[in-house]
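The following pair of complexes shares a single chain, chain A, combined with chain B in the former and chain C in the latter.
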Partner chain A sequence: MIAQTLDIVTTAAILYAVATGLLLVFGVMKIINFAHGGLMTLGGYAALVTTQAGWNPWLAIPVAALFGGVAGMAIERFVVRPLYARPLDAILATWGLSIIIGQVITIAFGRGVQFTQAPLSGTLDLFGESYSAYRLALVGIAAALGLALTALLQGTRLGLETRAVIMNEDLARGLGINSALVRFLTFTLGAALAGVAGALITPLSSVDPNMGVPWLVNAFMLVLVSGASLLSLLAACLVLGGAQVLVATHFSPVLGGLTIAVLAAVILRIRPKGFARD
Partner chain B sequence: MTEARRLSLILAAALLALAAIFAGPTVLDTYSVNVLTRSLLYAAVALTVDLLWGYLGILTFGQSVFFACGAYAAGLVFTHMDFTPGNAALALALGIGAALFTAAIVGWLAFWHGASALYASVITLVLPIVATQLLYSGGTFTGSSSGLSGFTSFDLSTEAWFWLAGSFLVAMTTLAYIVVQSDAGRLLVAVRENEQRCKYLGLNTSRLKIRVYLACAVIGAVAGYIYAAYAMVVAPELAGFVFGTELVIWTALGGRGTLLGPVFGALIVDYESAQLSGNFPFVWQLIIGTVFVLVIVAFPRGLLPMLFDLPRRLLGLLRPRAAVARPARVALATLDAAQTQGAEVGNGPALAVTGVARRFGSLTVLDGIDFKARAGELVSLVGPNGAGKTTLMRCIADGAERSAGTIIVNGHDIGRRPPEACVALGVGRKFQMANVFETLTVAECLQIARARHSRPSLWRRAQRLPLPEAAMHVIATTGLDRQLSTPAHLLSHGLKQALELSMVLALEPRVLLLDEPTAGLTKTERMQIGAILIDLAKKQGLCVLLVEHDLDFVREISSRVIVLHQGRIVLDGSVEEVVASELVKQVYAGSGHAGIAHETAPKTGGQEVPA
Partner chain C sequence: MSTLRIPHRRLLMAGALAAGLLAGPALAADTVTIGIPVGLSGANSVVAPSVVQSAELAVEEINAKGGILGKKVVLEVADDASGAAGAQKAFDSLIFQKKVDVLISMETSAARNAGLPIVNRGKVPYIYTSFYEGRSCSPFMYVNAWVPDQQVAPIVDFFKKEGAKTYFLIGSDYAFGRGMLAFTKDYIEKTGGKIVGDEYAPMDATDWTAILSKVKAANPDAIITSTAGGAPNVTLTKQLRAAGIKALYGNLAVDEGTAKSMGADAEGIYISGSYFTNIDTPANKAFLAAMETKFGKDLKTPNDLSVPEYEAVYAYKAAVEKAGTTAADKVIPALAEVAVEGPRGTIVMNKQRHAPLTMYLGQVKADGSVAIMSSFKDVDPGDQCPKLK
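== the complex of A and B ==
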């Protein structure tokens, strides 16, 4: 019972960390960034390079953010910017980018599965249950990410301008907000977050050139049911991630892997706004 | 060009393609014939992606699943039962049945009234993921991750399979080509261009999408069946997301909305992949990925249209020609008045609105709206911005809009009916901004407006376009009849408004809803429209409901005026009553917030209020 609750909470935390970058980009730009999976792979390999160089595994997180952010800048400038008026085409172009990222990584690192060193190993005793310390740490990291983003959006001038662009871009531009800059920074931040997410999940699984793709669809579905709110994303991660854990343990892992996508599709059919409040 | 000549040209091209297919094995080596047989079948699936995405505007990642339906039906039946002609037919039927069943579920999920284009794409994205996982978890029945192989199949030579696959592709491409060029095929483009306008022209766009989707599923399943019977191996990757996106990539590279582009895109890329991926597997994928991104960003029309444009441009450089106006392909005609009854007239008033309210959360935009209007009346709705005029129009034209109350059109309660069903009851709505099909010509726009009355042909193009007298009158008065082959986006603002009005009139409505039909028009154009409207009400017996800001115009044409203010009717009376009313002046002068009974004197004349 306790183990299952911990499973649900840590799964939700991982999903939250994976989906925030996508949510930010979707919220501001109304564009689904299908390169998110590729950028996560990039973050995973950044973590691999960091630990192979013998650095502290925690350093993987800023390094992955840097890799993702720099790639994001280039992607926004050369691919996403011309496609603002064609959101469905932006999905395709970013999917093409994720193919490119995957192939470049394959050429550089080979197709094989590799493993990184986890920053935390062993287990922690919690409520009489010994549980993976790293998974527990991820809850803290995801919470920190969520709080930092909320603070950025609610507490800074850039955040205010970003929220203005989310609500009404034309009006925001009319008021002198440089929405192109807001979009650029948002995409860069979203890409950096994707990199961080990739670095965070590598100790749980392994690193390979297609590691981001399975995460992409789940993150995408979570974002669609959440609208543009970090809070409803949290709710979506807890409910759908929880359902995934329950289905996987009580029925079959295969069905568990489908839970988020299928449930999200049904939720959107019944309630197009999903978990968003208004 | 006559219809017969056009169709025989298409058939001649198809025969030529078939001849090339039959000559293929004699000039190609065995390896290429083998690879191309697969590519030909993939191309047939890419064709369905183009029909859905290029023509209908539904970006689909899941066409691979229908291919897998046919392939797995063959694989499963031939593995678990004996290979007999009877079982082969059974497998084909099962494959098509499974594809239709899946497509029906997807259609129900993705194309319901109000679903967004993104949501439809999402569903087609979830589909292959679910399908592959189901195949993985099928154990020995589906062969799990290794799939099924080693089953017996039809005993045909390599050449025969090539001919079969090629003939199937040619047949499907020809069929698709004829359909998209036909009157019915134009509806697909209309739905992609402006689905809302289609619904308000009485077309059930959800049903249209589902039908096309089902047809595409069948094509995919047959291609998959041939594939499995030829390759004698099926694997879960056939249903996968990666194959689904590859189909989209081939379609985009070849040129969406061209049919031939995606076919050649699939053939060339898949064939080259087989040739090159042995030596440079990752570099080849990298090149495809890069070219794909480049095409999407810089050449969204794809490579085939560029290829066709190039010689034309070069020729244009050498020999600059003035653009020649295309002669109208369609001749207009006036329908016999006896045939234009519109919806059957029920008892009582043409339009009865009782207790209608519209709330958005806690905000009440309309409240307690009651009025009746007879046939032949021209009722103007006036009121300041935000009074709820357009919202009221929307409530009458779409049963799902209002929060409370009943609306009866021609004696029929509209209930919760969608716009297309309201059109069937006799409602015609003209939008505030001219709302036409921008890339279609004037004649084509009008043809689509008539699609509800005369079922468009699936293979022919009509040469005659009979329109009701009212629509013909608008077209003749405004001079649209001289611009029949002009694309709508090239029309002036006034002509666009006139085009939309004639499209709505082509529906033969009994209740005509017009939202600021004169906004942005010149004085002359306004006079013309005014005269037409009076004529429609007086002579044709239409019940016209008009939203207007121009009070002079209202005074000239209306038989009755309803004044809306803050979501309520504050006055309903004759033109004289309204013009004489202090109340109306106050409402327009903006002193209304605290209560209309205020004694504030109007600051302006209150005659015309800018929109």
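== the complex of A and C ==
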């Protein structure tokens, strides 16, 4: 029972860390950034470069944020910005970009599976259950990410402007808010978060040119049912991630792999707003 | 102007050589052509270069000693993209356009199955050099690598000796994963062990959370896994170690190279195969030294998929010399009779087109090397193709 609760909480934390960047971009720009998986892969390789250079594995997180952020700036400026008025084309363009990112990484690092050093290994004893220390640490990291983003959105001028753009972009622009700048900064931040997510999953995952792909579909589904709110994303991660763990444990892991996508579709059918409150 | 200084005789020779090169295809009877359809792109692209290197060394050695029946051996490598569609093109072009005398290759099961009908139509001998799930039969095909019947027993027997009574099996949900574990399950139950869990995840799964919680709840003495190669295998191993599971851990899908690069997480894993670089025989040492000399820093570490390729080229040479011709109908029966001494020992493909093999049980050490714990001489492949002699 305790093990299962820990499975659910840590799974939700991982999903949350993976999906926040996507949610942010979706909220402000109304496009799903399909390059998110590619940017996560980039973050994973940033972690690889960091540990290969002999640096502390925790440094992989800021390094991955830098990689993702810089790539995000270039993508926003040259690919996404010209397509603002054509959101469907933007989805296609970002999908194509993720393929390009994967191929460039293949050329640079080869197709093979690479390994990074984990910042934490071993287990911790919690409620009489010995549990993976790194998964527990991820809960803290995901919570910190969520709190920092909330503080940014609720407590700063940029956050205020971002929320204004999310609510009504035309009106915000009419009030003198530079919405192009808000979009640029949001996309950069979303890309940096994707990089961080990529670095965070490397101790659980292998580093290979397709590592981001399996995460993209689940993150996409979670964002669709959460609208643009970090709080509803948290709820979605707990409910859908929890369902995934329960199905995988009590029925079959093969069905568990489908749970999030199927449940998200059902939820959207019954309640088009999903977990969003307004 | 310098060409004028070349003596006439040498010029003539150069001319003759050039004419010979131009007329190459017409003189095909003066060479023996070995076709290698292999996955240079796609899933097998990590291992394919080592397979090609093995073949190149064998051919170089054979040509240095006068070729096969006095004919020079040449290689034709074709990319099968690790899959069925690519294999059809590769087999077709090798057999019907390049008119190869034999096919010798390591491939995915999908590629092999797609290529076999073309082999049957073209009636060329085919030596398959990859371990696989077993029971693939064709009158033109021989296999010199292991099947589940040979690989599983060493690990289970060793675990039993270590006192393991309960087993948990984890696999990827596809033919090789399920086939290997179905055989493992039968074998464990036949030898008195008990299966306490048997779980499969999708082939591209990266999240093993639920399965690992079940493993912890079942608390088995030993775990045996058979996942798809690459990412699923790595993620499972990492998450299994992070979960603090201390049971004996046998992995049917990890190769020596991957185990090496996995670092600390791989330490203690038991693996079973017919080849490890640590095999302490003069033949293996000579082979490794020759590979090192030929390829230097470009050398891809020889492995259980590449070494059978090297030996199969020699098996073909021996069969052609025994038959006295490259004619397929004479070479095919001879392939079952010739013995080849190679890095993996002496191998004869005389058991229903498969070969009894010496199998090794290895354990990955902290420094990434594989220590050979024990060897099992000439393990029988069992009934693979009862309709073929």
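Everything that follows uses one rule, which is that the second predicted complex is superposed on the first by the 278 of 278 C-alpha atoms of A that agree within 3 Å, B and C clash if a C-alpha of one lies under 4 Å from a C-alpha of the other, contacts with A are read in each partner's own complex, and residues count from 1 in each chain.
Heads up, the rule we're going with is that a contact is a pair of C-beta atoms (placed from the backbone, for glycine too) under 8 Å apart; a residue touches a chain by one contact, two chains touch by 3 or more.
Everything numeric here is computed off the predicted structure, so don't read it as measured data.
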{"item": "Which superposed partner A:248 touches (first chain B, second chain C, both, neither)", "value": "second"}
{"item": "First (chain B), second (chain C), both or neither touched by A:257", "value": "both"}
{"item": "Which of chain B and chain C A:158 touches, first, second, both or neither", "value": "neither"}
{"item": "Which superposed partner A:66 touches (first chain B, second chain C, both, neither)", "value": "neither"}
{"item": "Partner chain(s) touched by A:131 [first = chain B, second = chain C, both, neither]", "value": "second"}
{"item": "Which of chain B and chain C A:206 touches, first, second, both or neither", "value": "second"}
{"item": "Touching partner for A:95 - first (chain B), second (chain C), both, neither", "value": "first"}
{"item": "Partner chain(s) touched by A:143 [first = chain B, second = chain C, both, neither]", "value": "neither"}
{"item": "Interface residues of chain A shared between complexes with chain B and chain C", "value": "252, 254, 257"}
{"item": "Chain C-facing residues of chain A, complex", "value": "3-4, 7, 10-11, 111-115, 117-118, 121-123, 130-135, 203-206, 208, 210-211, 214-215, 245, 248-249, 252-254, 256-257"}
{"item": "Contacting residues of chain C [partner chain A, same complex]", "value": "45-46, 173, 199-202, 204-211, 213-214, 216-217, 230-231, 234-235, 238-239, 241-244, 258, 261-265"}
{"item": "Footprint of chain B on chain A - complex, ascending", "value": "32, 78-79, 82-83, 86-89, 91-93, 95-97, 99-100, 102-104, 106-107, 217, 220-221, 224, 252, 254-255, 257-258, 261-262, 265, 268-269, 272, 278"}
{"item": "Residues on chain B engaged by chain A in the complex (per definition of touch)", "value": "59, 109, 112, 114-119, 121-123, 125-126, 129-130, 133, 136-137, 241, 245, 248-249, 252, 282-283, 285-286, 288-290, 292-293, 296-298, 300, 361"}
